[in-house]
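Following are the structures in question.
Both complexes shown next keep subunit A, but they swap its partner, so subunit B is in the first and subunit C is in the second.
Take a look at the complex of A and B:
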């Protein structure tokens, strides 16, 4: 039985420049919705953000833009002009969802602030995504992925003790805020549609990632330090060990895993060693000493050799794959996680969705839209 | 009314990733029935070294608002009761290793037999298909397999631990897939089996790096707090113990404003800092200069002055800072939850403010099997005597 992607027939718009709403829109586009991206006349700045093929900047060839915007349509509108705003409002009449990220100080005078649009167009779900919240005294404050991860409590626990807190790589605040906005919008659609949703990226970090720490802080527990490459508070080994061709992540939660681990590395006598009498203490206080005992075994083997041993001894562990290794991995190929999409006169291998269902995959993936390529069609559709 | 009012979830998930998915649905108003067993309680019910050393903090977050029943799924009568529960649910979610649901006679096909249009969501490390589908996995391993782990760390150091990012993000991505399947069910009357792979969630967060590799054959490396174009872009020490400020300067105007705040220490005339590209090339020297300034200030003095001139700057918060922050409390990020004995504690709320369909956490962590009588008696219509018998025979157990 042929099935259609779940969001077939839904019309979703993105207004305002932010990768967070581009990711939210992508989640809808990849599941079959028609997603229209409203860009300023000069185009979304992400178009000027690499990677570009052969590092040659070209606003129609940005890899980052392609990843976030494949399967979408683009209209270029100057919303400071009344005529273009009118076109946007007419187009939104047939929409189901609007992801809104603009913080332009003129929005309210133009009548296109997200809460205003939710009132004028009560049938559509308007999800505003901003760094600190639309209804917030910090609405206009400057922010960056780095500062949002700091405010949200994420970075203080990341990195090495004694060194500065770290951020997660690339633009994780946008992925997190986009995912959260998509969940909220899906919920509102299922709840009958319509309404205003105010999503704050800082709030996403603080609520979704700090729950346990907030509970611990409430009960006066000690502050968590930076974990380094050992997962603090876990029995040793919960660590990343260097090996012949990179790093390998090890996780021995149970006594059985630990005994199997010692057997695998040929050091069963260490089970009786006082260093490992309390493995949580070992992990938190003596991990370097412990790592040194196993470094030779790991250092002599490649990630793949180690993985085979871990599977044989039934111990949880994983190679730390580089981007290239992840991209070329036979498992992901076996799951058809990557797909070819037309790009820059040829084609490129794109990641698809992290979930699959017989009815989820669109039949084909269209490349990211050229700036304004949908303008004429949109004008026709709304009768202008 | 909440968005998912009337939706019922049979929740077979364990640990953190799966329960975080159903936690999202529960916040949106779905009735989420957590199927547990005294034989093998969710290990997160106990205090957990990472997710709550002294209390079951992670469990409290993801199980609040849910209902708990106990079933011995290894007893055929237990599996049968689970199926009856699925028959009155819209969605079932599980996070066992692939193959376990089949062994429990709870495969998608079996569930379809009792509920033709059921949505089944399976959440696992590597997915239900592919050569490595059977591999065991936990959060640190998802990130390692998916490429995110390799990119996280200082440029001169090993990959660092990324905490519960992977568990919770897997739950968030699975929630999108679940809601999409539910939407499709409403439109077409058809359910489906959704397969969520945690390592692919990690890969989905490095899309631009994967494309750089596909386009240019490059394999990006760890970059600490560096940004590809911004400088300064880092976390700098402030006065006090383990107190830090994050600063990100996007434009030359912001740079000039920062220099003003710092008091014009000659940086505007320094050829190393002349424009963004040149500054980026000298970012290590720049970081040292900035640190020398931040060290003399508290994190709030420094952040306040920089924010006032439009520079993105914020202290690195710890959990207590978050609990005590007035802005976050006003936004509902931190709220108070009252327990059955009248006890109250601060909990994290949601990052969403809905005008029409509020999302919220409104009940305390359920005790193991707290809702057995409600679910088996009221919902499934099993009489009290039979329930007692099933409890005695360790089927409801």
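Take a look at the complex of A and C:
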């Protein structure tokens, strides 16, 4: 008998506009939950942000909206109107989980703040996702991915010394806050359902991502500053090196890796070279000089040729794949990581789930819902 | 607690492999870390903090990502060790491992064997690129995962050389996707009784958080290069210098009103008046010169003043923190994000909490990370019911080294 998706029969709602809860909802939708997105009458602002097919703006064709909202349903509600709030509350009675990201100043007077909803609807899990936490004196403060990565300690280590720090590409704060919210919500379901989960996006960076570094720093082992494509305090090499068709990431943390690396590039004599007597020193003080020694070997080879050598010599290393190379990689294709979704008169290739298990790969994905397409059905359902 | 009564056999190690077990322990599961001195967890290694001798109990990072667990020291390369582990799995609900594919099979602890002894078992393998496929034997650390995922190709100053994500971002990202998958499987098992073998790919977890770029490529054939801190709809949007050595301020302006608030707080400098930067179109068009001018202004101010002042004006702004300054920040202090435990060797040791509160309560770290082999007695005698004689015999065979 075929395994059913894990969240078959589970009803999940999203209220409040934020990519974080859209990712949380996506994680549930991809594993079989019925996920209903409550949008304002004018639609989720993400609908107006690209990428669009052929770069032509169309709120029913936003690519990012599609990625986060495939397989979901959409209801358009104006929660400033009592009737729509009533509909929302009635719909939530049959729900298992509500992801809540609204910080509208009127929420409390409307009775739909997340902590209020958790009291009104004690049988459902209400998971709030906000930049600093619902229970925080910064509840109403402005923030986005850039400022959250800054506060979360990610940015300061990225980039070149003497130049402004960078940040991790794309909206990683939303992905991570959504992922933590999905975990916390599922934990609460397993604990019997019900309750108020208050996720802080800033806290996600501070804990899972920077927490171990904070402990190191307490004992005087703070990571040193930005070093571009190197990492200070690590044995050389720990970097990305240019090759014939791009870049290749290499990391030889152990002596065995280093010796195999030198053998691979045909320079075993460098093991005795004073430049490499202390590889951490080499990395921190002479990395450019060291890079130059290996540049010819890498420069003559493509990233996939280099990868074959690394596999043969069992050395940690990987091609820096472009988005195109990742999206078209036979390894990922073989694992059915991508799927085609009919969309905008054509089809688009979308990531599915990063895990394989019976029932854990969506057999097919419906495109993201049209705004309010579920309104009538929802009215019928709660009216019965 | 949500996972009370759930027992986890945790072969996970280093960073990515260790986090799923600690999160399950945080939720109330009994998590037994399988350890051996012959293949000591890399996170137990490193220079000692107290004294000069190497000591597996002194890595502060280890204390964080293994809190809440128990430790069973056993050599699984010995048949007697593997046999004990098989018996332990029979009493458990979940197995976690992040070895190179095939390692557990080699010791007779592969999925088929484990499932035969425990039919409703949930097992999560979380290797670099999954259990099958042309790249399955690739050797990786987190940096290799960001390279494969496509993230590295965007990481660098706009139009500049690829710098890559020289951080361990890919580690917790893979761990947390694994946690979600395990919880989903536990949820299904409750109603169907069915276990699951979950084959997670760290690469795929990495590409999963690059969704908008993948879709843009698929729709429009666009292949992004290094992007810096540029934002398609926001300007200013970047990390600007503040007064002092390596002090920086993240400022993100998403509306014309926020721009006016920023200008007001800066004391309405001459260059910022007028129409040139009044609209988002203008600010995006003249982005580079605007960044230069704004940098001159911000570098005159203390980062903490900028953060507080701009926050009060409703502007998204944050001083860049590092691992030493973060525990002092009021956003983290009030939520008790950084907690501490007393460790028999390290003494007072910071341990991070969870990034969520449940029903208004701060979650508290219940138990420090285990000493190597600290719970062998519990596992051997209480769980497996071995007598003293049997244990002695196994000791002679050096099954516990």
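In this section, the second predicted complex is superposed on the first by the 378 of 384 C-alpha atoms of A that agree within 3 Å, B and C clash if a C-alpha of one lies under 4 Å from a C-alpha of the other, contacts with A are read in each partner's own complex, and residues count from 1 in each chain.
Quick note on the criterion: a contact is a pair of C-beta atoms (placed from the backbone, for glycine too) under 8 Å apart; a residue touches a chain by one contact, two chains touch by 3 or more.
Since this is a predicted model, take the numbers as computed values, not measurements.
Novice: Will subunit C clash with subunit B on subunit A after the two structures are superposed, or do they fit?
Specialist: Because the two structures are overlaid on the shared chain, the partners are seen to clash.
Novice: Please work out whether A:365 is in contact with subunit B alone, subunit C alone, both, or neither, and reply first, second, both or neither.
Specialist: Neither: A:365 stays clear of subunit B and subunit C.
Novice: Kindly classify A:293 by the partners it touches after superposition: subunit B alone (first), subunit C alone (second), both, or neither?
Specialist: neither
Novice: Quick one: is A:280 in contact with subunit B, with subunit C, with both, or with neither? Answer first, second, both or neither.
Specialist: first
Novice: Return first, second, both or neither, reflecting whether A:265 touches subunit B, subunit C, both chains, or no partner chain.
Specialist: It touches nothing on subunit B or subunit C.
Novice: Between subunit B (first) and subunit C (second), which, if any, makes contact with A:89: first, second, both or neither?
Specialist: After superposition on chain A, A:89 lies in contact with neither partner.
Novice: Is A:50 touching the first partner subunit B, the second partner subunit C, both, or neither of them?
Specialist: both
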